[in-house]
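Accompanying notes for the structure given below.
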Amino acid sequence: MKRLMPQPLISAMLFLIWLALNNTIHPAHLLLGALLAIAIPLWTSALKFATPKIKQPSTIVALGVIVLIDIVKSNISVARLILGKESNIQPSFVWVPLDIVDPHAKAALAGIITMTPGTLSADFSDDGKHLLVHAFNVTDEAALIAEIKSRYELPLKEIFE
Amino acid sequence: MSLELLVALGIGVLAACGIYLILRARIFDVVLGLTLLSYGVNLFIFFMGRLAVGKAPIIKDGVPLNLASYADPLPQALVLTAIVISFGMTAVLLAIAVRAHIENGHDHVDEDAENKSAR
Amino acid sequence: MSQWINQWHDTLLLPFLHLGVFTKYAMLIALVMFTIAIALAAWRLFRGPADEDTILALDTLYINSLAVTILLGIVFATSVYFEVALVIAMLGFIGTVVMAKFLAEGDIVK
Amino acid sequence: MMPIWLDIIVALLLILGGTFALIGSYGLAKLGDFLKRLHGPTKASTLGVGAVLIASILYFTFSNRGLSVHELLITLFIFLTAPVSAHLLIKAAMKRHSAMRPPPPNKD
Amino acid sequence: MTQPTLLVLMLLLPIIGALALLAVDNRNRALAIGIAGGVTIAACALLAMLATNVFDGNVARFRADWLPSLNVAFSLRLDGLGFLFASLILGIGALVVLYGAYYLSNDDPPARFFAFLLFFMGAMLGVVLSDNLILLVVFWELTSLSSFLLIGFWRHREDARQGARMALTVTGAGGLALLAGVLLIGHVVGSYDLDAVFAAKATLQESALFTPILILILLGAFTKSAQFPFHFWLPRAMAAPTPVSAYLHSATMVKAGVFLLARMYPALGDNDTWFWIVSTTGLATLLLGAVVAIFQHDLKGLLAYSTISHLGLITLLFGLDSPLAVVAGVFHIINHAVFKASLFMAAGIIDHETGSRDMRQLNGLWKTMPITATLAMVACAAMAGVPLANGFLSKEMFFAEALAVDAHRLLSIATPIAATIAAIASVAYSLRFIHDVFFNGEPVGLTKTPHEPPRIMRVPVEILVVLCLVVGIFPAFTIGPLLAIAAQATLNVTPAGLPVYSLAIWHGVNLPLMMSAIALVGGVSLYVVLQKKINLHTVAKLPGDAKVLFDVLIENLVVVASAITRTTQNASLQRYLLLIILTAIAAGAAGFWLSPSTNSIAVRPQPANLLVTIFALIGMAAAIGTVFMHRERFNALMLLGLTGLIIALTFIYFSAPDLALTQVLVEVVSIILMMLALNFLPKLSVKETNHFRRYRDMVIAAVAGLGVSWIVYAVLTRPFNSISPYFLRTTVPEGGGANAVNVIIVDFRGFDTLGEIAVLGMAGLIVAVLLRGISIAKSPADGAFEAKAPENARPSLLLSIISSILLPITIMVSIYFYLRGHNLPGGGFIAGLIFAIGIILQYVALGREKVEAQLPMNYGKWIGWGLLAAGLTGVGSFVVGFPFLTSAFQYFKLPVVEAVPIASAMFFDLGVFLCVIGGTMLALATLAKVSSTRSAP
Amino acid sequence: MIDFLNTHLPILPIAAPLFGAAFALIVNEQNIRTQRVVAWIAVALMLGAGVFAIDRTADGILSVYLLGNWQAPFGIALALDKLTAIMLLLTAFIAAIALYAAQQSNTDRGVYFTPLFMLQLMGINGAFLTADLFNLFVFFEVLLAASYGMLLQHCDRAKTNAATHYVVINLVGSALFLIAASLLYGVTGTLNMADLSVKINTLPPYSHALALSAGFILLTVFAIKAALLPLNFWLTGTYASAVLPVAALFALMTKVGVVAIIRTLTLIYPDGSFGNVAMSKVLLIVAPITMLVAACGALASRELKTLIGWSVVGSASMLVTAVAIGNAKALSGALFYLIGSTIAASLLYLNASAIDAPSSRPTEGAANSNRNWAWVGTLFVIGAVTATGLPPLSGFIGKAVILAGAAQHMWPMWLMSMVLVAGLLNVIAYARLGSRLFWKRDAAIDGATHVVPTALLALAIAGLTIFAAPIQRFTDRAAIELRTPSIMRDNVLGKRPIERQTSPSQVKP
């Protein structure tokens, strides 16, 4: 099994993508999609990169919902700031200490922070234990760090570790 | 302003910009110029099949098979070929630019020009 | 003036007739907004001042063009442009990545 | 012809998408320094395009074509790739202007 | 053997001999001489076998198919004139071979010498045997070429090389003039055959082209026969070995000119233009040569000018345009050949045995070389026109003809006077030859001790000298018949039509005899006076040597040519491109300029809406911005990217989804390429200081742009009929795909695509040719690729992870595009690009080395497999009897799955797919590898 | 087998090198021996096809090949007429010689030499065969791209710099080609040259100006390839910097431009169509001046390779002059001259390797070297005599026929004087440089020269000269065929695709 499907998550994703691409669930495409979903990782997994292990898949959905809501919310707030006076904006860099170590989790955290407007993940510290975040408007640095850690890092830790 | 005129002017601007850059003395500038020129030329070929808005030549049932209902597919096929070829040639010219820079120590289009005069 | 409006109506809304009455005007407004958005991003691209700004502007232009592509798909009632949007979404960022990496490191494949 | 409810929803989504895209680009054009500007367009890439994509899904799904989901793929790809662009841009900016980069975190 | 066979064999023998000699080792002297001698004697024998026929008044002919386009055959004729010349060529040729065998030193390569000599012999035979004018020109130029090779035989000598070039230039130029004249004759007459040309004498001479024809032909004759003012090459040709001088430059080749006069006389002679041009040229040459000859110090120089003078004499005779004069001319050709060849050989012997040809050094050789001296004295007598020698007879005839000139007032007086003066001079230089060499005190500063030559070396001279005397004493018996047939052929008359002449020594005391007497007495006196009064040895080089003029001319020609070449070809790409663009502008304008303008605009333009206009303006602004920013390359690339994006939107708006897809993908790959390359290039173009150039280019670019706009607008406002509806009609039923663009690409015009993928594949190969294994030793001064913050070169975690997730996705998307292309936008090319981008992304995210280590791929092979797949699809249709690339498609019924169409075009598209990946990746990976090499310490 | 050849003959000269390239790429790059075998098989097939093509066209057959079985003008058609047959055989012959020389000197151990060589041949053959204007563009690109790769073989500074000019100029030329071809499509709605020939002559007057502009731009493009003034300055430097076996092959490439000009003036804008007179007149001014400038360049040359380059320019302009004269005689002469001048240029380039090569320093006077030197000299003379058009070799014959055609033209004096003066200058140039190179030094060369391939080329020239009669009868007929565009039109447009039976499985269930 491991040899046939070295990256089962990727394979599953590919299968779904194939169906979405073709906008169909026709049996022919189910078959072809499955074949491709198995065949492609066989070749691409040669580029060895630690395969993510998902511990708690259920949390993914919860995190997704949170992120979507946050995207809408912070979009609106950032839009306000842009339309308002520029001097009202207080951008700042914030170092967020990290508890997660899994690279996939870190990457996901960085991505989520960027996708939720108002924050951008800029860099990891050299030891990889801090994430540098640029925030569009910072009033309370500690609150921001706490929010990131509780809303995003914790679920990610559950999912990956 | 008519669509025809707009298109004609656009292609003319691309051609003019391309030509001006082609006449510059640095290989990289020439690459930029050739890219702009090929944009212009691709549009030129494309529009030789005339203007058609929203009529992609992908056959749909029940639509009459003529140039009033579909854009002319032939120039599109020609442009595809032209894009591919100019892409390949851009790669070649860039490689030449790199090699020439390694060989000459400058990227002037003429080997000795750098010594003769600053252009 | 009325001639202008007629011409606008003819050239802009004629292709939208298959759309619902709200969508028709919303589409027009959305197209105008995206056009302005693109113009503003283009302005940033011309203006700079830093190289990062131009990359950012170009990235924005790609994303907005993606949206315009989707809009035109609705306008022309065809899904043949969908793949263009797909490709921009999937691969458009590579340009940005490469340019940013070039600015930062010079060698992009190190 | 589209049903009226769909008409209204699609219309709203289109205007919403246009608005966010416009605000994002406006921020890009207006704001005074690079790091601020970087926040603007991320709106366009998420909510603006997202709204347009939902409009597209709805439109094509209900204009007798059956469920149209492949726009979701576009959303997926944007979600995957947009952070990378922003991330690398800010990294590049910091690398080029070392003054921009804050001091490393305190070891605690 | 039949007559034609004999004839052609006679011509071919020397040429075959020459080719054979090329293969002979130069050390094998005996073999070389044997071949040369054998060939010549064999040819002589063949000529002898043909003789009776010719003396019977017949013409021997050979004809072989050769140039049907010109209606020219390889046709030879042996008539009296030809026989005369052939006898001279082969007879004297045989003697020269014998002479040369002893003349050549051990250092001279004999095989080469005799190869050239035989080559010349064949060419010269060809000239005199040609039955049509084109063939004559062919052999004519061959004599020039062989003369060039022979004059330059001693190639280490500067004067030999110069003399050779000069001879080739002058006679070659004359040959080209001759060719032009001959072609015009062919145009007027409709044939190049001699008989036809003779028969068309009237047509020819009445033609408007007659004067140009005559002048061109005469240019050929005069240059070859060293007539004034083209005489100067002949003295320079004396740098050749003496056998060559004796053979080519006195007896035969220089006679080709007068042969041509004789040959063409029946067609071109007998009119005033001929008379004036030929006679005055001959007269001038006669005088000039004779007078200058006296003042030469070099033995061969003296003989050369003497030759010039005698050639002038013969030319003058032909120019006098009377049948008798022509007979005299033919006669003098023979006589001059005999005595001059012997004199050259004598001079050669002297040179050979004393090491010098300078009469200021050579003195008193009578004592050491009495036999040679005697022979030379007899020959000199012939040259001077002393009775009992052959020269006397023809000179008498010449004097008679000179006196007979009466039709033209000025010339009727000038000719006899000039003839007498020339005769006086010729006596004087002949006397100088004898006196200055064999007497006149003791030798000065010779390097060798003079002695008689080997016995056999003298034989040729002896034979010729005997001939001089025999002909001089018994002309009617010896030379009479030959002269008769030759004159007959020259005049193109029957034996009865020949003018009455008498070959006798004694015609009684008449005016010509008086002139001869005056010449003898005057010549002796002149020489004595010159010796006494001014001592000829002290005369420096004569001024006004045309050779100097020629050198100056050629040097100036080269200077001018170099100047033209340097100014036009200045190795400036900008200049070349400017010329190309200006030409293109002119070409585009020419259509409108040359064709009457018709402004019937039949198609109503459609209005453009504001949004489209804004997009167009952004695109134009981006293009113009690229121009203004072009010095800052990175920014220029950004603007270029924007331009490309607008182009993609244009394709979307104007119904071209495939193009939009391709445009976007190519943009992405291009930007990667540009970034890879720009890393090694300066980031800033050097600022231009030449503002004139910038403004000029702007104007030119603007004009070109306007022209393009004009053309596009003109096309868009004209109605359109196209073959395209055919594609729309047949794409589904016959092409098996709904996407007409894709069906055109893989089926209707799949052949274009085959070429296109070959180009793309080659792009990769070329990049590899350019950059494989290249490493950069040092950073150039202009700041290209200076190291950037190496301390912080950590790969981005986010990028690495997203890239690794995207790789399988891009591959799947790529397959999706590949499979759907036939019916919807997509196809092998787009799929290939997506695949390639997916891999490049890994290069960017993980670094080249890691990717290549973990995913090793030989992209060259991908290109090969791609070409193979496309090619196999092409030949696959052979199997079912259809032409290359005929597509087939079938619906296959599979279990579970409904019928799926499988088109052979998909296999073709697989080739496209592989080639695109291979070509793109090979280019990118090679460029990437250069960068990596650089980053190594 | 013969049937098969009869059917598929026109594709063979394109398919053979295509497969050659594919296989040469698929085998390991280091496996030079297999690559050589592959290349020889392809070239042998090309030679066979060339001979067969001559034989077939001599029977009066104009083969038309409908690629993909699509009727012209909708699909792409190949047309094999006498002109094409000549070019195919010539290409195959030169290719064989160049390949031999390249292998002899190990030039083919460069990077991707064999595949590029093969694709170069595919491009050249395709350009000669195709009857479709856009397909001609594609094959131009194939042969040009391959030529970039060939030029850059054993890349050094000089080659890089030459390639910079060469590539940029040709890219601009390609852009112009695209403009001209698509403009013709925009005006006539077709791309097939036979169809263009029909459509252009039935064009409404309001499109004349556009069609004529397209024609002139097209001529400009071909003039770049044929190295006409003022578009020719790239040539000498480019060719001179190439490795010699490559330069020998390049001698063919100006001829591609010439053949394209022949097609333009005899098929697209044939005698009697509007535009022909204007185009011919322009060419008759430009080409003779080019000839003279080329002669000046030759005279100013200080290196043999430059001199040969100018000869190539001169012979191309000679050919264009003949084509523009346009009568049967000039065209026939042009075809004859084309063969000889191409072979001569190849010969001279290969021969130059013996003279310019660093190995031609004086070595110990081994007699063998001197013998070689004599051969080199003799071969040089043969090449020079042919190149300058001196009698008796083929260069002269072709030139004489062209001049006979010029005598029938309305400008005989201008044409003849330019041709002859240029010829004279060339003779002087060759004599000057040749005597300096061969006579001034007591050079000896070592054995590693291209004597054998050069000698084969010389033999070919001798054959052309001696057997001029049958060849001229062929070129005469080829000229008449060219002057009768209806032959091409009727054959190309009249060719019917093979009937396809629609099988039940081809109908969507």
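Per-chain numbering from 1; labels A, B, C, D, E and F assigned in written order.
Simple rule for what comes next: a residue touches a chain if its C-beta (ideal position, glycine included) is under 8 Å from a C-beta of that chain, and two chains touch if they have at least 3 such contacts.
What you see is a predicted model; the values in this text were computed from it and never measured.
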TODO: Starting at subunit C, figure out the least number of steps needed to reach subunit F through touching chains.
DONE: 2
Open item on the list: Just to be sure I understand: going only through chains that touch, what's the smallest number of steps from subunit C to subunit D?
Closed with: 1
Open item on the list: Closest chain to the protein's overall Cα mean, using per-chain Cα means, please.
Closed with: F
Task: Pair joined by the larger number of C-beta contacts - B-F, B-E - done: B-E
TODO: Give the label of the chain whose average Cα location is farthest from that of subunit E.
DONE: A
Task: Chain centre separation (subunit A, subunit C; CA means) in Å - done: 25
Open item on the list: I'd like the Å distance between the centres of subunit B and subunit C, where a centre is the mean of that chain's Cα atoms.
Closed with: 22
Task: Whole-Å separation of chain centres (CA-atom averages), subunit A against subunit B - done: 40
TODO: For subunit B and subunit D, let me know how many angstrom lie between their CA-based centres, rounded off.
DONE: 31
Open item on the list: If I count partner chains per residue in subunit C, which residues reach a count of at least 2?
Closed with: 31-32, 38, 51, 55, 57, 80, 86, 90, 92, 97, 101, 103-105
Open item on the list: At least two partner chains per residue is the criterion; list those residues in subunit E.
Closed with: 571, 573, 577, 581, 606-608, 637, 653, 657, 676, 678, 708, 715, 720, 722-724, 727, 748-749, 752, 756, 759, 762-763, 766, 770, 788-789, 798-799, 802, 805-806, 809, 813, 824-825, 898
Open item on the list: Among all residues of subunit F, which ones touch two or more of the remaining chains?
Closed with: 134, 138, 141, 145, 148, 155, 160, 164-165, 168, 172, 179, 183, 185-186, 191
Task: Pairs of chains found to touch, sorted by chain label - done: A-D, A-E, B-C, B-E, B-F, C-D, C-E, D-E, E-F
- [ ] Would you tell me which residues of subunit E are touching subunit D in their complex?
- [x] 788-789, 792, 796, 798-799, 802, 805-806
Open item on the list: Could you list, by residue number, the parts of subunit A that touch subunit D in their complex?
Closed with: 17, 20-23, 71-72, 75, 78-79, 82-83, 86, 89, 91, 93, 95, 97, 110-115, 117-118, 120-123, 125-126, 130, 132, 134, 136
Open item on the list: With touch defined as at the start, can you tell me which subunit C residues reach subunit B in the complex?
Closed with: 15, 75-76, 78, 80
Task: subunit B-touching residues of subunit F, taken from the complex the two chains share - done: 134, 138, 141, 145, 148, 155-157, 160-161, 163-165, 167-168, 171-172, 174-175, 178-179, 182-183, 185-186, 191
Task: Residue numbers on subunit D that touch subunit C, as the complex places them - done: 1-4, 6-8, 10-12, 14-15, 17-19, 21-22, 24-26, 28-29, 34, 37-38, 41, 44-45, 48-49, 52-53, 55-56, 59-60, 63, 65, 68, 70-71, 73-75, 77-78, 81-82, 84-85, 88-89, 91-93, 95-97
